[in-house]
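Letters A, B and C name the chains as they come in the text, with residue numbers starting at 1 for each one.
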Amino acid sequence: MENGGLGLWGVPLAMLAGAIRVSTPFIFVSVGECLTERSGRINLGLEGTLVMGAMSAYAIALTTGSPWLGVLVAACVGLLLGALHAGICQLPRVNDIATGIGLMLLATGLAFFLGKPYIQPKAPNLGAIELGWWSGIPQVRQALQVNYLFVVGIVSAFALAWALKNTRWGLIVRLAGESVDAALAMGVPVGRVRLIATAIGGAFAGVGGAFLSLYYPGSWNEGLSSGQGLMAVALVIFARWDPIRCLWASLLFGAAGAISPALQSVGITEGYYLFSAAPYVLTLGLMIATCSPERALRGAPGELGAVR
Amino acid sequence: MIDRFTIGRRALLGGAAGAAALGLTGGADAQKPLVIGFIYVGPRDDYGYNQAHAEAAAILKKMPGLKVQEEEKVPETVAVEKTMESMINLDGATLVFPTSFGYFDPYMLKVAGKYPKIQFRHCGGLWTEGKHPMNTGSYFGYIDEAQYISGIVAGMTTKSGKLGFVAAKPIPQVLRNINAFTLGAQSVNPKITTQVIFTGDWALPVKEAEATNSMIAQGVDAVACHVDSPKVVIETAERAGIFTCGYHCNQAKLAPKGYLTGAEWNWERVYVGFVESLKANKPLENFVRGGLKEGYVRTSAYGPAVSAAAKEKADAAKTAILNGSLAIYKGALKDNKGNTVIPAGTSYVITEPKLESMNYLVEGVVGSTS
Amino acid sequence: MTAVVERIAVPTLALLASAVLFGLLLAIYARVDPLEAFALMYQGAFGTWFSWQNTLTRAAPLILTALCTALPARMGLIIIGNEGALVMGGVAAAAAGVAVIDAPAPVVQLAMAVAAMIVGGLWIALAGALRQWRGVNETISSLLLTYIAIALMNHFVEGPLRDPSSLNKPSTWPIGDQNMIGTITGTDVHWGLVLGIVACLIVYVWMRFTTWGFALQVIGGNPKTARMMGLDVGRYVLLACGAGGAMAGLAGMVEVAAIHGRANASLAVGYGYSGILVSFLARHHPLAIVPVSILLGGIGASGGLLQRRLDLPDAAVVVLQGILFVAILASETLYGRLWKPKEAA
C-alpha cells in the first residue's frame, strides 16, 4: 500500500472501474439494436450513428453550453438516421445489411466532415455521480464515479426487457419480428412497427455517442469510436436478443478492455498486444462455448435475415 | 455555424489569384510560385503531431511567392506514393514534406528515385549518405531534451514520487522520450519511478483515457505522453486533478490548473530554412537535426502549479543543455532489467547515432519494451 | 431489351441523385462550386494517364478483398472478416518470403502466395467451421477474428518476426528487392491488379459452369433442399469460406510483395472493410466487382485534389461514397418498377 498504490488488488478494481467507464456506449447501442432486431430489422449502421451522435452532441454542447441539450440532439440525430435506415429498407428488394453498411459510411463521413470545426474547442462535459463517498480509498472513489447515462442505460435495459415481455407494444414488436404473415393477419402494421423500433434503436445509439464525446473520453475527434458501434451490434447476437444479457455482455466487454492497461499499470507488461485482444478472444471463446448448432436459433427473431 | 474551410479556401484562392495577377502583369518578379507539398498521416487539427506540422505550414503559406498544398489522413501505403506524385504531376510541387515516419522507406525513396529533380525532405527518417538518393533528406528534433526539462518539473512537483507516461509503441523515438523524462525527474529525486503504459497505436482515445485512469488508480500524480494527439490524456488527467506535461503542441488551454510544461516542436525553423535555401538556389541540406539550442524544439511556458524552486532547477538545466555542459544520457546507466547500457565514464552527446536505435527503458521505468 | 435499358438507367439515376445530394452539401455547407469539385474529381480519378494509374493501383487490393465477402455470400453467409484475412495473409507471406529468400524469385513469390492463401483461407474457414459445427454466427466471429488478427500481427511484427534494424516502424525482415512483384510493363500499376481480375474471372467460371459452383448456389438458395439432395453442406461452407479467405490472404501477399516489401502495421489500413462494400455493391457478382472497385479506387484517388485545391476535409470523399452506396442500394427497388424508359435514353 506504499504511496497509495493498491498493487495487484488494483487489477480487479481497475477492471470494475473500466467496465463502468467504458461500457456505457456498448450498453446503449446494444440495447437499442436489440429492440430493432426484435422487430425483424437489422441495423449494422449504428457505428455511424454513434459517431454522428458524438459529433452532434459535442457541437451542441459547445454552442449552447448545455451538455444535456447535446444528449437530446444526439438522440434526435440517431432517431432520424434510424428512421432513414428503416425507410430505405422498407423498399422492396433492398438488403438491410448492405444498407446498414452504406449508412455507416455515410454517417461517419458526415460526422467527420461537419465535425472539423469542433475538434479544437472544449465543450462542457456531463457530470458524474459520486457513489464512492463512503470509501476512504481514492481508487475506489474513482472507480465508483458513475455517469447519469450509465444509470439510464441500465434502467432502459431492464425496462426494455420488461416491456418486450409484458406489454402489448412489446408483443407487437416481437410479432413483427417473428413472423410477418402472422403479424399481418393480426392487423399489425409491420412496416410502421419496424420503422419506430429502428428509429428508437438509432436514438439509443446517438445517446451512446453523446456519452463518448461528452463524458468519457469526453472530447470529439475522429478516432473516438474506432469500431465500438460495430462491436456493440455484434454483442446483440452474442447476447441472443435479450436486453439484460446485452447489459451483461457490455459490462464484460468493458471490463475485458481494461485488462491491458490495468495489468501494465501494476507492472505486468509483456505481450500487451495479446492482452489488448482479450475482449475479442473472450467474446469468441464464450460464443464457441455457449453456442451449438441446435441451440443457435434460440432467441433469434424469425424474420431476421442475417442470422439464419 | 463556424465555417472554417470556407475561410481557408478563400484565403487560398486569394493567394493564388494574386500570384496569377502578378504573372499576367509581367512584373520583374514574375516567377512561378514555388509549390510545396505537405502530407500528414492524421487530421491536421489533432492538437498534436500533425497540428505541429500544420501550424508551421500555415506560416509558410503567408510567405510571398510560395504556394503550399496540404493533404491530411494519408495512410502509410501506396497512397502516399500517389499523393506525392499527384502533388508533383498535377500541382507542380518541387519540394515535398512527407511528415510521418512510415512514409520514408520504401514509399518516399521510391518516388524520389522516379523524380530526381524534385526535392524530398522527410520528418524523422535516418537519411544516410551513399545509401539514400541526394534529392532526399530527413530532419528531426531532439525533443528528448525538452522531455528532460518536463521530467525535472514533474519530478519537483510530484508528491507520490510516481510519474506516468502514456505511449503508443515501444520504438526508439518514444523510448528516448520516456527515458529522458525519467532521467530528468531522477536528476532532482533519484527515487522517482515512471510507470509506462503502451496503448499499441498512435490514436486510440478510449484506451489512452483508460491508461491514464489506471495509472491514477496506482497513485501516479503527474503524466506525460507520446501519442499522436495528447488531448485525451491531458483532459482526463486534468479532470482527475493531477499534473500533466504536454507533447507536440502547447496544451495549456486544455488543463489550466494541472499543466506544468510541455515538449513542443518548432518546425517553423526547419521549414523556413529549407525554403530559404531553395529560393537562394542553394543546395538543400540532407540531414538536419537540432534540439533546444537550434530552436527546433521548445518547452511550454510554466503553468501555475510549478513552484519557484522547480522553475529554477528547470531553467538551470536548460541553460546547461544550451551551453553543452549537460549530457542527458551518461554512464553508468542501467536499464530496468539491470543491464548496463552506457558504461561508467561514457557520456553521449545528443547527436550520438547509437541513441537513434534505443531499445531499452532506463532503471526506474516500470514497463517493458515488448 | 427493357432489362438492359433498366440495368443502365437505374444505376445512372442513382449516380445522378447522389451527385445532386453531394453537390448540395458542397454548395450549401462548404460554399464550394459543385461543378468545379466534380471537374476536379474527374481530373483526379480519370483525367490523365497518371490519374488512371492512381485509380487502378487503389482498385487492385479491393478486387481481391471483395471476393472474401462475395464467395461465402453466394451460399448465404455474411463474412466481414476480410481485413483479418488480409493481415494474416500478409504476415504469412512475409514470413514465408524471408524463409526462402535465397531461392529464385518466382519460387519465393510462389511460396509467399501459397502461404498467404493457406493462412488467409484457414482464417475465414475457421469462421465457417464455427458456424457449421458450433452454430456461431459467422458475421460476428469473422469480425472478432479481424481484431484478433490485427493484435497478432502487431505482436509478431514487434516481437518474434521483428527485424531489429526496423527502428521506428517495427516490421518483419524485408523479402528483398529481387523478390518483389514488379509493375505491368509500361505502367505504374503492379501485377496485383491482373491477379485480381483473373481471380474474378476464375470465380465467375467456377460459379457458372462447374457442379461445385452450382451446388454453392443451391445451398445459398435453399439449404434445406440442398440437404435433401444429399449435398454435404459443411464441406461447401469450408470451401466457400476458405476460397474467399484465400483471396483476401492473397491481397495481403500482394501488399507485401508489390508495395511494402515487408509486413508491418501498414497492412491494416481498411482495404478489407472497403472490400465488403465493393462486394455488396456488386451484389456479390464476381464480374461486377472489377468495375465497382475501379469506381471506388477513382473516388479515393480524387480525394487528394479536393483537399488540396478546394481545401475540403478528407472526409468529403467518404461522404460521397456513403451517399453513392445508399443511393445505389436503394435504387435496387426500382428494377421492374420503372415505366419503360424512352427509347432514346
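Rule of thumb we're sticking to: a residue touches a chain if its C-beta (ideal position, glycine included) is under 8 Å from a C-beta of that chain, and two chains touch if they have at least 3 such contacts.
Values in this document were obtained by computation on a predicted structure and should not be read as measured data.
Identification of common neighbours of subunit A and subunit B yields C.
More C-beta pairs touch across one of A-C and B-C than the other; that pair is A-C. For the pair subunit B and subunit C, the distance between C-alpha centroids works out to 35 Å. Inter-chain spacing, taken between the CA centroids of subunit A and subunit C, is 28 Å. Residue numbers of subunit C whose C-beta contacts span two or more other chains: 29, 151, 154, 158-159, 313-314. Contact of a single residue of subunit B with at least two other chains is seen at positions 3, 5, 43, 200, 370. Residue positions 116, 222, 271, 273, 276 of subunit A are each in touch with at least two other chains.
By the touch rule above, subunit B contacts subunit C in their complex via residues 3, 5-6, 8-9, 12, 43, 69-79, 82-83, 85-87, 89-91, 101-102, 106, 124, 126, 169-173, 200-201, 356-357, 359, 370. Here subunit A touches subunit B in the complex through residues 3-6, 10, 13-14, 17-18, 21-22, 116-117, 119-120, 122, 125, 139, 142-143, 212, 216-219, 221-224, 226, 228, 257-258, 260-262, 264-267, 269-273, 276, going by the rule given at the top. Subunit C contributes residues 25, 29, 76, 78, 130, 132-137, 139-141, 143-145, 147-148, 151-152, 154-155, 158-159, 276-277, 280-281, 313-323, 325-326, 329-330, 332-333, 335 to its touches with subunit A in the complex. Against subunit B, the residues of subunit C that register as touching in their complex are 29-32, 43-44, 48, 50-51, 54, 57-58, 151, 154, 158-159, 164-165, 167-170, 255, 259-261, 264-266, 269-270, 300-301, 304-305, 307-308, 310-314.
Those residues of subunit B lying in contact with subunit A across their complex are 1-5, 43, 45-47, 160-162, 195-200, 203-211, 213-219, 229, 231-232, 235-236, 239-240, 253-254, 366-368, 370.
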